[in-house]
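First chain A sits with chain B, and in the next complex the same chain sits with chain C.
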Partner chain A sequence: MQSAVTTTALRREFKPRKRGLDPITALDDVSLAVEPGEIHGLLGPNGAGKTTLVKILSTILTPTSGTATVLGHDVVEDPGAVRRVIGLVFGGDRGLYTLLSARHNLEYWAALYGVPSRDTGSRIDALLARVGLTRRADDRVETYSRGMRQRLHLARGLISDPEVLFLDEPTVGLDPVASLEFRQLVMTLREEGKTIFLTTHDMGEAEAICDRVSLIDRGALLATEGPETLGRWITAYERVEARGVTDDAATMVSGLPGVMSTQRLPDGTLRIETAVTGVVRPIMEALLAAGVTELGTRPPSLEEVYLRVFGDRGLQV
Partner chain B sequence: MTIRIAANAARVGYRETRSQYTWRSWLFGWVLRLVAQTLFFAAMGILVGSDDLIEFALIGNVAAGVTLMVLGIGPDTAWERSQGTLPLLIAAPRSLLPVFAGRNVFHLVQGVGEGLVIFVLVAPWVGVEGNYLWLPPALMAIALGSYGLGLFIAAFAIRKPRWGNTIYNLVYWTTVAIGGVNVSRTVFPHWVQQVGSFLPLVHGLTGLRELLSNGFTGAAVGQLGLELAVGAAWFTVALAGFALFSQGGRKDGTIDLVE
Partner chain C sequence: MSRYLAGFRMQLRAGIRTPSYWMTILTTPAQTILFLSVITAFDRPDLTAHAVIAPAVVSMWGASVWTGGAIVRNDRWGAMLELHAATPTSYAVPVIGRMSATLLLSLAAIPLAMATAWLTFGLDVGVRHPWVLAAALVVTTAAMVSTALIFTSMTVLSRAAITFQNSASYPILLLGGAFVPLDLLPGWVHPIGRLIFLSWGTDLVRDSITAATVEDLWLRLGMVLLLGAAGLAAGTRLLRMVMHRVTVTGEISVA
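After this line comes the complex of A and B, so read on.
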């Protein structure tokens, strides 16, 4: 079966504005395949090259070398064919005509994507209902909350009923409830067989909704894993944080098996970092036994996971 | 489909224009600025006691005001950039020309309207009277003639966003300088006049002056026709420019999701 999205040895360099400086490599030899109907995550910290890859795949940017195809269409040789089968949604406040209503925004993009006039009204109504904006459809977008704008973004990206949807950090800046709603919407798209390529720097998001996740840093692809691997990393490198821990108790905890390090934060909180799965419970039990009642777990940051899993190949924290 | 795109884009342009001005800020800011410019040059005629020069400067600056507004669509890609919609337009499977042609069509109406308002305000002040019924259609021809070049500047600004305003000002003031707005084109060397022939406003203004002096003559119609032809030529260049410059922007990475 043909992959929905492929990249082969994809490279993109940018010339610095100042003469004499070396080109900046945003993508370096990136090869990946996204299968039809999957939600494929591209996980990486800021500046890793996620947006550059989405820009190339959505024909906004050309690669310096290498090839990329979407449903078999080359993004350089046949950008028109690519544009007809994709939708692009990015996060943030921008990308909408805020002085227009949601309905007028969608009418505009429907025209740009060649949706027949006779279908436009019903398709817009259906999309507005799907993203929960029917009641506000005729209000100006400038009056919308951040979450509503993001849902409208998704509706805009779906106006042409694309087979492949690129979501570039779609939940950035959203509150947890709005993020959750958005993810649920994305997961319903998978059920319809759409291929979704999603970039994020949120491991929890990648684990929650992706079928596979490619990890990228400094323009290079490090690995492609299933969400269960991500979940394992998150659990393995989970931290315990506790307040009111005496020095004796801290010493005791640091000697427990699986504890990688302990660190006293400026506010007195003790941070305990773990190196293997299954040690959080004994740590918490030991702390409770020592009379500590203010304690909890925190997921590791993406940077920490990269450093632990990929070492020198990964991000330098 | 192209008309649908242009019509939807026109709605965007109309909303943006409305958001830029209230009628007070438009009248006491923008229109007052155009009136002051027109009055300044017409006052030269008053200074030297020449009625011909007063009328020459009045008509020239009224027409130039139309071109100023219409060429102003050039830096409009900046709007699309600041809204983050430019990359989405690039990624859409249609040409950018109907988008920009549509979203700025309101500038045609606004430009002609402003030209008429300036005339109505300044003409009595500087003592110009007569039959000026030809003014509205001639100003519309000038507006249409200027539209193509404005669109070309918009296309250029996709590739060189920082240069959009500079090019707009350079083109406008060059047109005013050599286009017969305040002084006759004949004072310039032949080659400068030839260059001016490829700019909007020049033929339209010549045709307008002919209409006002001698009525509906073949020469006037010919000049207005040339004005429209110049506009059409620039429109064609803009069409190629949008394809070429968006392709260039894709290559050098100047079209960004976050500006």
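After this line comes the complex of A and C, so read on.
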């Protein structure tokens, strides 16, 4: 079966801001394949090259070298064919005409995507209903909340009924409830057979909705994994955080087996990082026995997982 | 066509609420008074039509160049420039639609100038050939939009362009006979001026107001259209080139 999206040895450099400096390498030798009908995550910290890759795939940025295809169409050789089969959704506040209503925004983009005018009205109604904006459809976008704008972004990306949808950090800046709603919307799209390529810096998000996740750092692809591997990492490198821990108790904890490091955060919270799995429980029991009552576990940061799993290769500089 | 109309409609919807798009028209009354003061001081009532047409044409051309630049700047800031580049439609099409909408609103400059003449100096600019005037305005407006697209392309390429765009487009006004008919300018500029749609357009507009008979009507309308079409061809081509250029450099996303 033909892959929905492929990249081969993709590289993108940006001209340095000052002359004499080296060019910035945003993507370095990236080769990946996204299968039809999957939600493929691109997970990476700030500046990893996620947006750059999405832009190249959606034909709004050209690669410095290497090739990329969407449904078999080369993004450089035949951008027009790519544009007809993709949808593009940015996260954040930009990308909407805020003086217009949701409906008028969608009407405008429908025309630019060549949606036949007899279909436009019904398609817009259906999309507005789907993203839960029917009631506010005729209000100006400037009056919308962040979550509503993001759902409108999604509706805009779907206006041409694309086979492949690119979502660049679509839940950035959304509160947990709005993020959850948004992810559920994205998962309903997979059921319709759409291929979704989604970028995120949130490991939990990638684990929750992706079928496969490509990990990227400083322009280089580190690995492509299933969500269960991510889940395993999240638990394995879980950390314990406790408040109201005396210095004596902190010293006691740092001596427990499996504790890699302890660290006082500025607000006095003690953060305990573990080196092996299965030690979170004994650590918590020891803390409870020492009279600490405010404690819990936190997922590890993405940088930390990269450091543990990929070692220096994933180390942030 | 539906893509052009989509731009036209959205600009009417958003543009009404964005005074900066049509604000330039509001300079028309003041400029009309200025021009009329001059012709009154020199006792040349025969130039009334000139004094009324000049500020209207100046503000309309200003509106088309300014609008094109403002559309691009706004789209770039809002990341809509990238979103346009990801659609199968050439950016020129909705931009022309949007500029047409603003220019349609800016046509109000003509009655505004006429009303100013009447209210301030009691001058009645009688139009002898209203249909010719209407036709001349339609083709001239269309040609303005088309030609202004060339200047719009510059804004895509360089964010600094917006600052010199207005001065760069100024020669079009001069050579286009907006202030004084081309015939009154030095002889050596005539051939250049005749290559600019506006010189044919402004002559025709003035003739429709003052001339007993308008000669060569079809030829002159045709010249405006022909030169406007040349501007359109150049503008769309240029815009396509610069849109491609900014996807190569990455500047399409730099706000």
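Going forward, the second predicted complex is superposed on the first by the 313 of 317 C-alpha atoms of A that agree within 3 Å, B and C clash if a C-alpha of one lies under 4 Å from a C-alpha of the other, contacts with A are read in each partner's own complex, and residues count from 1 in each chain.
The rule is short, and it goes like this: a contact is a pair of C-beta atoms (placed from the backbone, for glycine too) under 8 Å apart; a residue touches a chain by one contact, two chains touch by 3 or more.
All of these numbers come straight from a predicted model, not from anything done at the bench.
Enquirer: Check chain A with both chain B and chain C modelled on it and let me know: fit or clash.
Expert: clash
Enquirer: Given the touch rule stated above, what does A:D168 touch, chain B (first), chain C (second), both, or neither?
Expert: First partner only.
Enquirer: Touch check for A:T251: first (chain B), second (chain C), both, or neither?
Expert: neither
Enquirer: State whether A:T8 touches chain B only (first), chain C only (second), both chains, or neither.
Expert: Once the two structures are laid over each other on A, A:T8 reaches no partner at all.
Enquirer: Let me test your reading of the model: by the given contact rule, A:Q263 touches which partner, first (chain B), second (chain C), both or neither?
Expert: After superposing on A, A:Q263 lies clear of both chain B and chain C.
Enquirer: If I apply the document's touch criterion, which positions on chain A are contacted by chain B in one structure and by chain C in the other?
Expert: 14-15, 55, 58-62, 80, 83-84, 86, 88, 90, 94-100, 104, 107-109, 111-114, 117, 156
Enquirer: Which part of chain C faces chain A closely enough to touch in the complex?
Expert: Interface residues on the chain C side: 2-3, 5-7, 9-10, 13-14, 17-18, 77-80, 82-89, 93-94, 247-250, 252-253, 255.
Enquirer: Over in the complex, which chain A residues touch chain C? Could you list them?
Expert: Result: residues 14-15, 55, 58-62, 80, 83-84, 86, 88, 90, 94-100, 104, 107-114, 117, 156 of chain A touch chain C.
Enquirer: Note which residues of chain B are touching chain A in the complex, please.
Expert: It comes out as residues 1, 4-5, 7-9, 11-12, 15-16, 18-19, 83-85, 87-94, 99, 250-253, 255-258.
Enquirer: List the residues on chain A that touch chain B in their complex, please.
Expert: For this pair, the touching residues of chain A are 12, 14-15, 51, 54-55, 58-62, 80, 83-84, 86, 88, 90, 92-100, 104, 107-109, 111-114, 117, 156, 168.
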